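Some structures are shown below for you to check.
Below, subunit A partners subunit B and then partners subunit C, in two separate complexes.
Right after this comes the complex of A and B.
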């Protein structure tokens, strides 16, 4: 029975699960409105972004507040590729992954010696600075940004196939593929090595693990995921601009990861749903508080911040951990 | 084993929740008459209510609403009341996209009207395929000349004269009035600024110095820009920016006693807004600028008088300025467009109505409207004015001279346009 947990059997089961999930999304996609399809695409985007945080922080223990910056790198890479080279969509996303992975490798090498608050501070500076770089260089489009046009859905899908549905399909497909790959990596010895480093870096080194190298690898792979998420974000907006990757995005991602359980991958979908739901909830609440536009603008940010504080205080490992503890206590009696 | 089951359960639960949360089916209404019911017509606008460009512009939405309320109380449009849904886009493209999404798909508006901001609206038009999905996009609050391109923006009806037109007309004026002076242009670093530079280039006018600014940093950059121009010895400075940026520049200039002849681009020239930004009155007095509407303080103008009354009654505690005038003027044109489309109101009929009858609509504009089956261009000209000591803009030569042109290489010509009389009580009765 134990052998089912490792080896090809588990991978095959996971593959089947993801294929079934893909089917379900296909069917759902046919039945919902454009608004929901757009939200679905957003959820897919957040799923990929949260996965990058789970890998980096949950597994290898490196705290990064700069996911937004890496997403920007990926987004701009994809937009520039499509706009300037007119390549097919998949190539643009591939470029996003490669460029942001490279960026992550360099960043990881620089950050490998930092830890805790120092790493957090460095990545925070990136989150603020990198999107603003676009204003300095003309080819990056400045404040206006660059259009990210993946084109219309293929004609064989018919004229009723909306742009939103097309984005939903592409986003969901990329989310499924990247989560599948990530979950395999995390279940492998790479994942266990990272967890060892996170638990006790020195002990891991003594056990023969090259901590620095593995940390850089974690940064690279996590950045690849974040870059892909950034490209998906750009596609959904048909635009990459500094305003699409604000500081609040990095904070929202960290909050989502903590809420959903930072050290386990399955929670990323739940975290993504929560992140997309927050502005909707804020709208409802703001509607009840009177129609002030200022409230509607700032309420989502407030909710995210409050949730982050609450979850860090009460459920630092995610609500799953607390639930498990309660159930365990119950069963022990 | 236990770990595996729990993990699997979490995956399943998360997946089901994610997929299930998308379930909110809605049968799409007939797109052509979305937003129209027997009692109501829903329209939507995105503009900056908060943020770095909101000063002044944020009044436009409420001003439009005030006029719509006036019309609603007097029978509406064939018995239907107009409901304008106003969304704040903070002058950010990303927000413009998300708020327009709500307008089009949650609120399901019939048409977009008065969308503000060049970069924002380009992003929105691209993202939502306004042309492809035949969504009427009326009287946008941006003068970017590219929006008149019918192949790309066939359902978009600009109203403001384009920035390229303004550049050409100002170029002619600068050449004639200030032929040998050191001149400078301050412009925004995006398509809005690029458009006016095209106009100046077509008008064959060269500035001694051209300076770009970014809305994100103008508050801190203004001092340096002004001191550089002072060092240069600029005698005439043309500011082509949003009101907040213009206010920052004028304020910085006042602080270092730099007083060239100011020529204010129409977008940022409203005196009331500039005053509320802290610009001293004596800096604004004497400044020149281009306008296509009567001065908002000219109560001898029948349109201004009526709009001021509507503002007092339906838009309490809001001071009447150029932004309010523009808003109400646009609203009046919107009402006429809806009326011209007929009682059987569809998007296609609205677009067709503006093309065939738009040039005859009554409006406060002192320049003609140019809508036709082959042109989506709205106003196409300006008169040049100068602020007097009480901050009322008067024609610079004493008598009103209106100049019209196009956004391309056509000449700047004097226009004999006679503005149509206002419908009684400002309530359109056209069909």
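Right after this comes the complex of A and C.
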């Protein structure tokens, strides 16, 4: 199996890189304030969520506008597990991954038959409807949502180990692990197969690829990632509620993915940083404009959407592609 | 428990509004091959324009007129300044297929934010010319109100006007021709690009009416039309996304079905069953219930 996937050396090198990255994060995490740690945890969460979009849209070519809905599924699964069963933290995250993957597999079976606009509309319907469902069922806690309490950091870390740092550690660890796994999958036979389906599904089928089966697999894996991201989001907020997974979250994720280059996995961290930076920038601007409640609520959405439009018109395949093209032109002359 | 006839009537009234949005979506889809997710956003701006006129002049129909004009102008503007630019740039690479969808989504986001910045997230209500309270028969009051009657009548008039435009006028012929066979239409002297912009304007105007009708029944806020968009899309898919008749039939069917579900299972089941209907149609009748000659081309 290993030789079928790719060379062992490449995987080892990547593993080493991720371990170094994790170590660097550990050092940085000791030196910054709690606000920055919280934002770091947010970046880690967005990184996982964007990776799920890169896998689904960038590689297998299926558009999903419903990432927020699947994140909600993961978040509620984790919160319900930890609240009702008092399980360890890792088990709650595992449940988030499993439940959302199952959800994604069912959805993917329907989605694999749909082309562009049908799939986009169906997933948009999900993004509008699923968070609202929480209002309808008592055990989901309604508008207030349910608590998601992972407890205090273990005592062996010392008494000055803050809750924010604990969240940052968990989020970063999960992000590193999931990006490592995702990058290996995308570099493997599966990644190439998805690219073949996206480029020309008929030709791919003729080459012996089960296009539908592979699309469902992509949807399942992508949902697993989104569900994990949703659980991390819930943990950071200590709460899962419909308001935590609004339609604008799905919009923001699509924006982040397009901004970073929809088929580039290394870009997702950049996209995640931008998504976390936008509300900060919006706050600064809003402060300059007199700090009214109207401006602070709606300005981030405006910035996100304008960025999305600009990038989809001028750099639809990510800024990397445009830079490459410019360099290519220069060297040709 | 309402009687079956009341449930059907309420369903028809809701379905009539869905029909307008799904008609707008189908019009744009046929001419441009884009499901315009910004349709709800465009309708929202038009409705806020209508709201301003209604609250100043207190004349409902004047407000509707302004909403139609605003919706049409916005629709034409979106096609002329936005879609044309988009189709010039995003033509190749892995994102080309998804670019139009994502772009209309971005537009929806911009509109929601701008509307929020101008009018804030407060709930508004447009006063309709007739009562929102149900008719009283004998001693019982039924949920079906004069406003529902007004909605159904208005939508009927709109549908008649639209079908006259499409069947009896040169403009309608040009619209149909450039949707079904753009190249042949061009050879026959139809200015397809301009015709497309007019199509977007008509869709925008219809959206404006839909927004006004919905917002005189329920509250208006920057997010209030999201669900209308989803139901309009589901209705359009039931009708096959290609056919205007299909869009209307699909919408009325969806309205009645959801009204029945609401009556039997309560509000919690409405969205779930709408979604279920969408999935079932997509899986078992992907060309819609009104078979079009070509089927879907995307």
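FYI, the second predicted complex is superposed on the first by the 327 of 333 C-alpha atoms of A that agree within 3 Å, B and C clash if a C-alpha of one lies under 4 Å from a C-alpha of the other, contacts with A are read in each partner's own complex, and residues count from 1 in each chain.
Everything that follows uses one rule, which is that a residue touches a chain if its C-beta (ideal position, glycine included) is under 8 Å from a C-beta of that chain, and two chains touch if they have at least 3 such contacts.
Note that the structure is a prediction, hence the values are computed from the model and not measured.
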Fit or clash - subunit C, subunit B, common subunit A: fit
First, second, both or neither for A:38, with subunit B first and subunit C second: first
Partner chain in contact with A:248 - subunit B first, subunit C second, else both or neither: second
First, second, both or neither for A:118, with subunit B first and subunit C second: second
Subunit B versus subunit C as contact partner of A:25, first or second or both or neither: first
Smallest separation of CA atoms, subunit C relative to subunit B, angstrom: 5
Common interface residues of subunit A - those touching subunit B in one complex and subunit C in the other: 293-294, 297
Touching residues on subunit B, where the partner in the complex is subunit A: 1, 4, 6-7, 10-11, 13-15, 17-19, 21-26, 28, 49-50, 86, 88, 90, 92-95, 97, 101, 105-106, 119, 123, 126-127, 129, 189-191, 214-217
Subunit C-facing residues of subunit A, complex: 57-58, 61, 63, 65, 110, 113-118, 120-122, 124-126, 128-129, 132-133, 136-137, 198, 247-248, 251, 254-255, 258, 262-263, 293-295, 297-299, 301-302, 304-306, 308-309, 312-314, 316-318, 321
Subunit B contact footprint on subunit A (complex, rising order): 1-2, 4-5, 17, 21, 24-25, 28-29, 31-40, 43, 47, 135, 142-145, 147, 149, 163, 237-239, 241, 243-244, 264, 266-270, 272-273, 277, 293-294, 296-297, 320, 324
Residues of subunit C that touch subunit A when the two form their complex: 29, 34-35, 37, 85-86, 89-90, 93-99, 101-103, 105-110, 112-114, 116-117, 120-121, 222-223, 226-227, 229-230, 233-234, 237, 241, 267-268, 271-272, 274-275, 278-279, 282-283, 286, 296, 298
